[in-house]
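These are the structures, in structure tokens.
Shared between the two complexes below is chain A, which has chain B as its partner in the first and chain C in the second.
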Partner chain A sequence: MNKKLLEQLKKIRQDYFNSPGNAILSLLMLFLLVKVGIWFISWAFINAVWTGENNEAARPGGATWAFIIKKIRFFLFGFYPKEHIWRIIVTVALMGASFVPYFMKRIHHKVLVFIAHMIIWPLIIGFFLAGGIGLEQVSTNNWGGLSLTFILSALGLLYSFPIGILLALGRRSEQPVIRILSTVYIECFRGIPLITILFMSSVVVPFFLPSGVAIDKIIRVVIGMTFFQSAYLAEVIRGGLQAVPKGQYEAADSLGFKFGLQQYLVIMPQVLKITIANIGGISISFIKDTTLVLIIGMFDLLGIVKPLASDSNWLGMEPEGLIFAGLVYWGICFAISRLTYKIEVKANTLPAAGVKA
Partner chain B sequence: MNKTKIRNLTLQAGLIALLLALFAYFGFNYIQNISQRNIEIGYGFMDDTAGFSISQTLIPYTEADTFGRTFVVGLLNTLLASVISIILATLLGFVVGLMRLSSNKLMSNTALFYVELLRNIPPLLHVLFWYQVVFLNVLPPFKESFKLGEWLYINVRGITIPSFVPQENAVAFHIITFIAICGIIYLGIIKKQMVLRGVHKRLWPWQVLLLLVPVVYAWLTGPYRMVLPQITKFKFSSGMTMRPELFSVVVAMATYTSTYISEIVRSSILAVPKGQLEAAKSLGFPSYRRLQLIIVPQAMRTMIPPVTNQYLNIIKNTSLGMAVAYPDLTAVFAGTTLNQTGRALEVMALVMVTYLSISLVTSLLMNWYNRSIIDRKGDLISKEDIPVE
Partner chain C sequence: MTAAEVKETAAPEATGNAPIIEIRDLNKWYDDFHVLTDVNLIVNRGERIVICGPSGSGKSTLIRCINRLEKHQKGDIVVMGLELTEDTKDVSLIRQEVGMVFQSFNLFPHLTILQNLTLAPIWIRKMSQREAEKIAWKYLKRVNIAEHALKFPSQLSGGQQQRAAIARSLCMQPKIMLFDEPTSALDPEMVNEVLDVMVTLAEEGMTMLCVTHEMGFARRVADQVIFMDEGKIVESQSPDKFFSEPENERTRQFLKQIHAIS
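Up next, the complex of A and B:
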């Protein structure tokens, strides 16, 4: 027993006090961490208020989580009419269920599932969320909260994939026109802030449409974000393309594959495997980027904090709202980074290309 | 072979035709829409009076100035926020990156926590957090501002420090400083060449001497006069105030981007072969000299390209300041000016070209720096290139 304790003490000395300088740093850091920790715990838990009808319930030095609890519907679904919220749940559930075919062994060409998503998702969203045919129409101005964040990220990621792959192939093409156009596209979109593109889609695009034709704001935003994201995705895919050994191309050539089959059967599977980590990272930034729609007046999870904290019953609740939104974003992004890591580990344990297991 | 050639040519021609058709279609629509609203095409509006005020300007600006000047004001604000953010993010990123490599578990875990916590939160939320939570909720109101002697005031309206008013001899001071800096850089170049030739001669005392010249000159003649912040009833009548908008953008960008830079720093240092560290140890260098002389210079080479990307991200991300009304290029020009003039296409085209140019210049500068340090390491220079004495 004594020996065990001694060993532990030794380890602590090794890890935290292995030199006078380190000892001072450790103590200083410990002091700071304890100080911040105590303050945070007393603010977030001990002094926090969990119930109440308005901001009079708030206590000094404590968080008013009652605000979040009372307004949770708006954080999740925005200003979507209360009696129609089931439609959002159905939409999300259907979109989630549409991932099942990816795990079915019988379906060999998963790319068909992907193409099906590209057609089905907007139909589901149009039918259930927007309504109009059979269901009562709900203006897209009322969409908001986490569900809007989800829709923007999902659609943006879905459509930027095929465009990104085409651009990456285009940038490596031997045909000058295609190569130059792809390069210009990628570099232009990577060189400007997303906000300017969102501005373009909300202010400039209507000028380019024939008079009398109007496209809904949400569609314009999704298109703008897709254009933007596909440029970044293209660079990731291009990195993967460069990492595929030349021999793989030659092997595919010698089997008589034409360009399409060569890419589909030989090159792309390897590219996707190599770039899993980067694709995960870029998906996380896409999700973080969806917050920018608040600047053009849409109420996503972050954008809805301000209108909710402007409610006369809950004035001054921005800190709680922002911290709650931050927590949710953090959870989503962290989960995706873990998931990516898991997929990467799994992909690396798969047999290498060309080896039959 | 010929068949594929023809096919490729038709493909490319088709693509060009398609693009031209699209452009023609959109152009036609644009002209029709514009003529319906009686707006002229072109940049003539840049000479019109703007008529709106801007909260923070680096150059003199009044409502009577032109739209062209709003563009310059916005551009300067973007550059200001970017430069401060880049410096802070680099410093913070280095510190956190080195902390993560510390043998002290408490340090490395705190750094890990910092990185994992901050980089999974959208940058826009960072900006809003610093503005709405820290500035509007935590800092004291104007009347009860936090004071540090007579020099520093912190309150809801920003951070106020003394301002420095140039005197008559400021021009002479600037010229002396410029010459001194040129001299220091010149000596640095000479030193580099001497190292390559294998000559070792101390030059740094001369550099210090050169640095002292402007300092002593400033001491003796006082080219700037310090003006302490003076409080009148509702505002400071003198002093320099860093407004909360700028502060939020800068701190948010610095903390958010520092997480990425710290990861770059960490991985580049880990990428330096272990033998280098062991060699430095066996030569008896103390730990900070090991970092300074052996590890960091080698890690620098792998660091520069990804760090450049982060700098470009900062420049683009300062446009997020718009959410807290920081008057940068996007907010002032693509926002207010566009609304006032209605020249959507012209304004957006100018903004995009400007951002692209800033990005291009930054990339060029960083590439130039990258080449210069690779040269210093002597990696790109083969043995034959080194002149033998």
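Up next, the complex of A and C:
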């Protein structure tokens, strides 16, 4: 036996078997882990059913993945009419393609690209997904599944960033009115649970709208989520602002930069770099928060599990549906987490902001 | 505001013989603390002034008032014919013409040295990138750090960073340079490389106000040495007179202390 293995065994004995009580506890935990592991593997893989037309295919002690495979269209696109699904794919593809300018070296005014995004994305979504002009209208009640999750997350993050930055600057403003308004906004929306905001947007807001005026549920939800998220982002960005030394402002001042350009060219790049990890984390929680829309009757990736498992052919398929949805959420969040980490590493190979006086 | 407009605003001053900086009865308070008391100072074009004094004497505050990093409460400051008031437009115009070098360099850490130098010329002077880089390289060579142009500030030594900071100010082609203890944060062996750059600048006729305790520098380049204490200008002399026969008792004591150290 080699020496390394012996040392590891010795360490295991020291850490887990250093007293009779600990030894019993360790063995018990090991036993449970193995037991659960074996059960899960046999349920998810060995006894699993991958094909079938209804829940008669199900086998006791095994997952019926056939349910997911049969219903994958609904998990991805909700109750969007089958013949129009290409419109969702085009929308998502266009939204993805609109990131290309950020990677182009020649484009200097990336902030303008961002503003263009804020205008173009709703137009793409309105034209292709909602339809009405040239394309057949599809009610937003039929939107759902992963594509709804994607759209809600994307729009929520898109709008909450600039608003969050403005709020953070507002809270540090020397103008008392701006400072107080920003503070009140931030504290209000951070103090209200997202569910409450969503309920208000779906129940209370229509009540106060003049009759004949209707704002679509999706728009109300996106606005509500933006209010909520921008307040959180504002605080993260404010933390970053506090980390930029005063000398940076003075140097920019002394070169003749006024407030706007100073923030854009000197301060914000440093702030965003400091806050990358926090912004990544907050983005992940925003994406997970979109699941709350199921409370107000929207069928996002999580919300659609229940109606699908109520199909008389597939009764009792909630566990498979929920596990699948969970895996997809985990995959998305893990990808963002890795991406954030990569950006952070890349940014840190450049010198850290503000260090070295 | 385009570069041309800026020049136009500054043009009448450029030829006149009027002082480039006029400070009359300047008073400043931090809350109850009276930092500057009745300060009067006239600086002519091309004049080099060294300001010294014990810490807390208000010397940094004084030069920071000249580009309005600090606001004053009483008295007038007229820089290149423009009076410093609450009007922000004038302030940023003046800041474009007044370079400032800080004790802690304050280079922008997220930009390379070259980008640090071209940022303001491109965005404020509205130069093309090529034009701005051409000027930047000229000054990088002048301060002898051209080989570090593509590095980030944190990769440079203190002396190199301070020289880069001087070059960054010069790229805006200012009419006046303010130095706020430019060598105080440096390791001793790096002080001279920065002072050399400042001496060259002085020899080229730049109007300079330097807050510094480098008395060798003062002796070499200053037209006028000012000693400040407790927010007042105590003594203002030519360097010869200042060092050989200072009039004021406090100046004598200060010089004694400085000599005791160096």
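Just so it is clear, the second predicted complex is superposed on the first by the 321 of 357 C-alpha atoms of A that agree within 3 Å, B and C clash if a C-alpha of one lies under 4 Å from a C-alpha of the other, contacts with A are read in each partner's own complex, and residues count from 1 in each chain.
Throughout what follows, a residue touches a chain if its C-beta (ideal position, glycine included) is under 8 Å from a C-beta of that chain, and two chains touch if they have at least 3 such contacts.
Every value quoted in this text rests on a predicted model; they were computed, and no experiment measured them.
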Touching A:Arg220 in the superposition: chain B (first), chain C (second), both, neither?
neither
Return first, second, both or neither, reflecting whether A:Ile295 touches chain B, chain C, both chains, or no partner chain.
first
Quick one: is A:Lys70 in contact with chain B, with chain C, with both, or with neither? Answer first, second, both or neither.
neither
Per the contact definition in the header, classify A:Lys258: touching chain B only (first), chain C only (second), both, or neither.
second
Does chain B (first) or chain C (second) touch A:Arg87, or do both, or does neither?
neither
Which of chain B and chain C A:Asp15 touches, first, second, both or neither
first
As a test of reading the superposition: which chain, chain B or chain C, is in touch with more residues of chain A?
B
For A:Leu181, select first, second, both or neither according to whether it touches chain B, chain C, the two together, or no partner.
first
Which holds for A:Glu250: it touches chain B only (first), chain C only (second), both, or neither?
second
Contacts on chain A seen with chain B and repeated with chain C across the two complexes:
none
How about chain A: which of its residues touch chain B in the complex?
15-16, 18, 22, 25-26, 29-30, 33, 175-178, 181, 187-188, 191-196, 199-200, 203-204, 206-211, 284, 287-289, 291-292, 294-295, 302, 305, 316, 318-319, 322-323, 325-326, 329-330, 333-334, 337
Parts of chain C lying in touch with chain A, wherever the complex brings them together:
67, 69, 88, 92-93, 95-96, 98-100, 102, 104-110, 119-120, 123-124, 152-155, 161, 165, 168-169, 172, 185
Help me check something: in the complex, which residues belonging to chain A touch chain C?
245, 247-248, 250-258, 261, 265-266, 269-270, 273, 350-357
The residues of chain B that touch chain A in their complex are 8, 11-12, 15-16, 19, 26, 29-30, 32-34, 36, 102-107, 110, 116-117, 120-125, 128-129, 132-133, 136-137, 312, 316-317, 319-320, 322-323, 330, 334-335, 338, 344-345, 348, 351-352, 355-356, 359-360
